[in-house]
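Consider the two complexes below, in which subunit A is the common component and subunit B and subunit C are the respective partners.
Moving on, here comes the complex of A and B:
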């Protein structure tokens, strides 16, 4: 009885949005790091909740080098993916919103930022705003899916984790905190197929007006000492003097421990 | 009185002779002793500037005369002068701002982070660009603000960071991960004040997420990863920005939109002025939204599994730790990540990857607790970026004490044991209550 009901509730539709990555040193097209992690997350969900259906989506042109990059995702164990065909330089958001609204998956997984183009990381937020779905960023893992509510672990800075419950349908975005993607197998990648859907794209005219250049090195911040006198300048250059905190001498261990305890409480590091 | 300057050669002679028994009285009579010290420079009767080299300087602590040519006189009357020097910030109040620049700092752990201060520096640049029509920086703070000290001082840190107006929202539904509630609050601010710019830190702690949500809600295409802005008359809002794009591989130059997410070190923090940090309240109440995201709170992660470089709370042991079992137990009870000095590692008490310092890991903890560590320079280098340092040491003269915000002089074993007992007792009490 129990497992039966679970079987019915478990499987959900997951859409994974993937983009074309850029190798950081060679600049060659590859599968994007974060998107691959997103797909890995979906594949892990599929293994855990039988009946989960994964559909992989990419909006972009059909070209040779992008195809080989996209096959990198297919080689992770997929039979096909959907390509929303649009010329390069078009706005991907509208066609994705249209497609997602029509196919209505329960969970959409995206990478946090693209590795090419603007890479502003606005896309998941734009989808959430257009579709009116809740969004959770920086996902570490999906714990369980139950009654249309998904329990997630969100990665916080400093290696911390936070547990969240989100009503489906929802969008989750993945960054470096999620588990590393598995390798892509060449043979299955070659055999997999693309389902090509034409779209009615709109050109991204704003981006075309901006000036894009290879990143310059950012200037290093100088330590500016605004001192009224030579003495202050010398002091600042010679040594950063300690602020001189509170020193408790001649106290019993209990008193010392109490002072430390108070500071730890104030800083909110004791859990 | 007559205009003629009358001289008394005898008095002048005494005034020049420091050893004369009447020296002090004569100086007082001549009125040279204004403001505590003798006047070292005056206009002589013939219109020539006269100098008294003996009036310069002060008597140092050992009775030796010292001359400080830096312009900052030390010694007797130094206290008043140095407090004045410290209080050199110009107070600026902007009563009738021409426009508003809204800033939403992260306020990590209740304090303005370095990133927040850089962001406020940028906001000030935008607000103060036109001296005729200055704008005001309004900060929207979520959650508790701790600051250094309390009361007046706390407000002062906000003012000194460059904030003119504060909207402080610390209801409990803004705590934790509450993007929907925060977004509703920011939308209310937008409706009421319509700031010209919204600036947020592009930091994973919250600004990056909240800022993107806000920009979509306002229908703006935010500039993200902004690290430079320049005035530009051709842009609609008068500014142009340079932003990082394409996973850090591109620089994008574009007109500055209304919403911008900026990187750390985008501008110098404010350090010359002090602003009013006047509190505002929103006239309309903020509509409460039904959140579809429920925060179940932070999950206990194994502190030993957290990388030392990014651990938040480190308990670090050195040569002064005598009982390592008790030390490991303390780390467990406190929920701290363990660190060590080189001596502790060399002696085999701790693993090599736990070493903090020049040849180990450079840590960034918010609280770093150094137990029985003397604070050698190689060790102190590694903890430069820690916020609060607590030291437990037998020796009140060692270098870690100078660096520490709180130092307890005493035996490490006893103090750690007392601390563990206290924490366990407190936890036990809470559990009983719950």
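Moving on, here comes the complex of A and C:
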């Protein structure tokens, strides 16, 4: 993506993990917003770095409804995707870990949070833990890949960006900071094929114990802005709210944990 | 000497013409198959030419007379010349007729020449500028060589030893005429329009257009067959008779003169687009094109000669330039003004939508808000992405009868996506008030209704269109109704003309037609109009697409309004810029189409413009500093309603008891 691209840039194997999305208004199955952005990132890498190979993975059951949603990803310009077949309600993490360990892609891209199911946003972390790979969240762009090191631009709050160099293989997760996904076209979506790989599914025993209920909107805490001018109002809207706070450097993990625990108590998160 | 030279010239020209014709036909046959009854088409050709085509040409009387004299003279002269000079049948009667025919052609060519003296911008120049001279060469040449045949000149004049030079000059003039008229006709000269045009009329893909019929619905893509191409990627993906149609273009530029996108400086000139297709079909660049180019902001037009196409090459390049730029295709508002004006009956809109289908369905390249709108249509069944459950929110206080409750009514009121638009909700409320005042037995689908698929289809997303259409048809199949009434001409057109191919056949009426009928039946009474002067804007999808020009005017007349017509009204109405997904793709131009239309309104001097379409309302009301107010016909009618005394209601048909709770009539 840098104009001064160098010769040692080479294509890599990228695996993109996609899930079945859910339209916020109608609840219809669709390509998930963040996962589609992840795939967009991979497609942009493919265009910039010749030789990049993209494989798209989904772990879930084979069904008409989910197939049309998955074809939404394929319509972005892919010939096929791998479906790790498992019944609904199975834990996707284990089969994904198994598949990723076997196929050994250098980069794994995933959305930060699923639109269905638990939607806990923990999948990238669980994968990273199982595989022992570094994880970078909230990615804005992949800048270059050189000698097994990828240079990434990570999105931080309020438009800040942080450039990171990460040794491959790595996992990156994308949210709304990544570029918007391209349109999905009907023709390629219809032609693309699924490579169905059976897995040895394990029922998600934890999920089975959960009690699920529709979410209720939580009341928003009102911010009282006593601003006399537009400039003050803008400052109030744009400026970070946090005051005080402390930077902890060179502390032991125990000291750090204690500080975090204290803060959570103060903020009434933990009671 | 001429006696030997003429047959050789004539038959050489004919032979070359035949070779050219075969080559040209091979170009057309690169296209995909299309079912046409060849014999029936050829049999219908004279009538299609003399009646239907002439009807369009006749809108310009001068050109129509010129064409009759020139073309009629030429056809007669060509046939007689082959008999008299080619086969040597020196019959004085035939000779006399030949003199007459060539004289007529000469007179015609004088008028052609006069038009070319200071040609309007819409006419193509280049080879077309030499055409009057070629016509004169042919007519004068034939006239002169025929004089001796009928004995008006001494036989010896051209025989004498000293007059060989005269004979040679004459032969040269005749050869020039033959070259243009016979050879040029099939080898791509200006006269190609006669050859390709005649066959295009015979093998037209919309045979229903002839003989007073109407055929405006887009043709469905076959989505079942996965091998069938999704739209047109390369010129050879058009059907053969579409290619033939492009070749028929006479470059008169009538389309250019009426195209709203061209007038707005958006990069589309329909005439150039058709010529681009001809270049693509034959293979080559557009360097020889000698008409107005596609407009281009700040450049005064896209330079000619930079675009190249091939029969099996892409029309729109993935990168860089090919035959046509994508923004040219996305500038079209599908208003059909070009099709309406085209004397060669070319179907520009079909071609544009065919190419858009490829861009959307295969490449996923619908510009600007296109992708978002299509995603919304897929996920929420309406282009705005609104909650489908809120489709009836605007009528929360109206107690609208639902089809789901009644199952059977006289009139199904189709709301359209205007139901989500606050401006159109005023129109809908007015329409409900009118229907209730006339005691119409009606109901709405409510939240069961979906977008008709108009925008999806015109943005090229045939898959989403067919999905919406099939589900709407399935919903409608559950209920019984006599007719559908809608205030949205786009829904009207799609439900009435495009659902048929998908298996849904309905009687659909625009609200203006229905209100006119109610008034004629004496079910509505109006207070006389007290406002200022009023003009009427014909929506494209009501007028040109469905031929309804009278009903809205009749309603206005019934209201006591005398319509001050705009210069462009009726079938020549100028588009508001809101059709074909143009506000969604939003291709920049130098002016805005609705601004130009409101300027038309201003020039008519009217203080109010009556419309009959939610798109037109939105577009025209979006004009800043407008001189006129924009009101839907339904609103004007609702304002003028005279509440009927209770005892007087007996003359209308009675409503079922279940729906007579009429206390909600006041809106």
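Heads up, the rule we're going with is that the second predicted complex is superposed on the first by the 209 of 271 C-alpha atoms of A that agree within 3 Å, B and C clash if a C-alpha of one lies under 4 Å from a C-alpha of the other, contacts with A are read in each partner's own complex, and residues count from 1 in each chain.
Throughout what follows, a residue touches a chain if its C-beta (ideal position, glycine included) is under 8 Å from a C-beta of that chain, and two chains touch if they have at least 3 such contacts.
Values in this document were obtained by computation on a predicted structure and should not be read as measured data.
In the superposition on chain A, A:210 makes contact with subunit B only, while subunit C stays out of contact range. Considering which of subunit B and subunit C touches more of subunit A, the answer is B.
Residue contacts after overlaying the shared chain place A:23 against subunit C, while subunit B stays out of touching range. In the superposed pair of complexes, A:137 makes contact with subunit B only, with no contact to subunit C. Once the two complexes are laid over each other on the shared chain, residue contacts for A:186 go to subunit C alone; subunit B is not touched.
Judged by the touch definition given at the top, the superposed model places A:75 against subunit C, while subunit B stays out of reach. Listing the residues of subunit A that touch subunit B in their complex gives 22, 24, 27, 113-122, 125-126, 128-129, 134-138, 151, 153-154, 156-167, 170, 175, 206, 209-216, 218, 221, 224, 226, 228-232, 242-251, 253-254, 256-261, 263-264, 266-271. By the touch criterion stated above, subunit B contacts subunit A in their complex at residues 68-72, 85, 88, 109-110, 146, 176-177, 179-180, 204-205, 208-209, 212-213, 215-217, 221-225, 227, 243-254, 265, 268, 271-272, 292-301, 305-307, 310-313, 334-336, 366-367, 369, 387-390, 392, 396, 401-411, 414-419, 421-423, 426. Contacts from subunit A toward subunit C in the complex involve residues 23, 25-26, 28, 30, 75-77, 182-188, 190-191.
For subunit C in complex with subunit A, the residues that touch the partner chain are 226, 230, 360-366, 370-371, 374-375, 378-380, 385-388, 461, 463.
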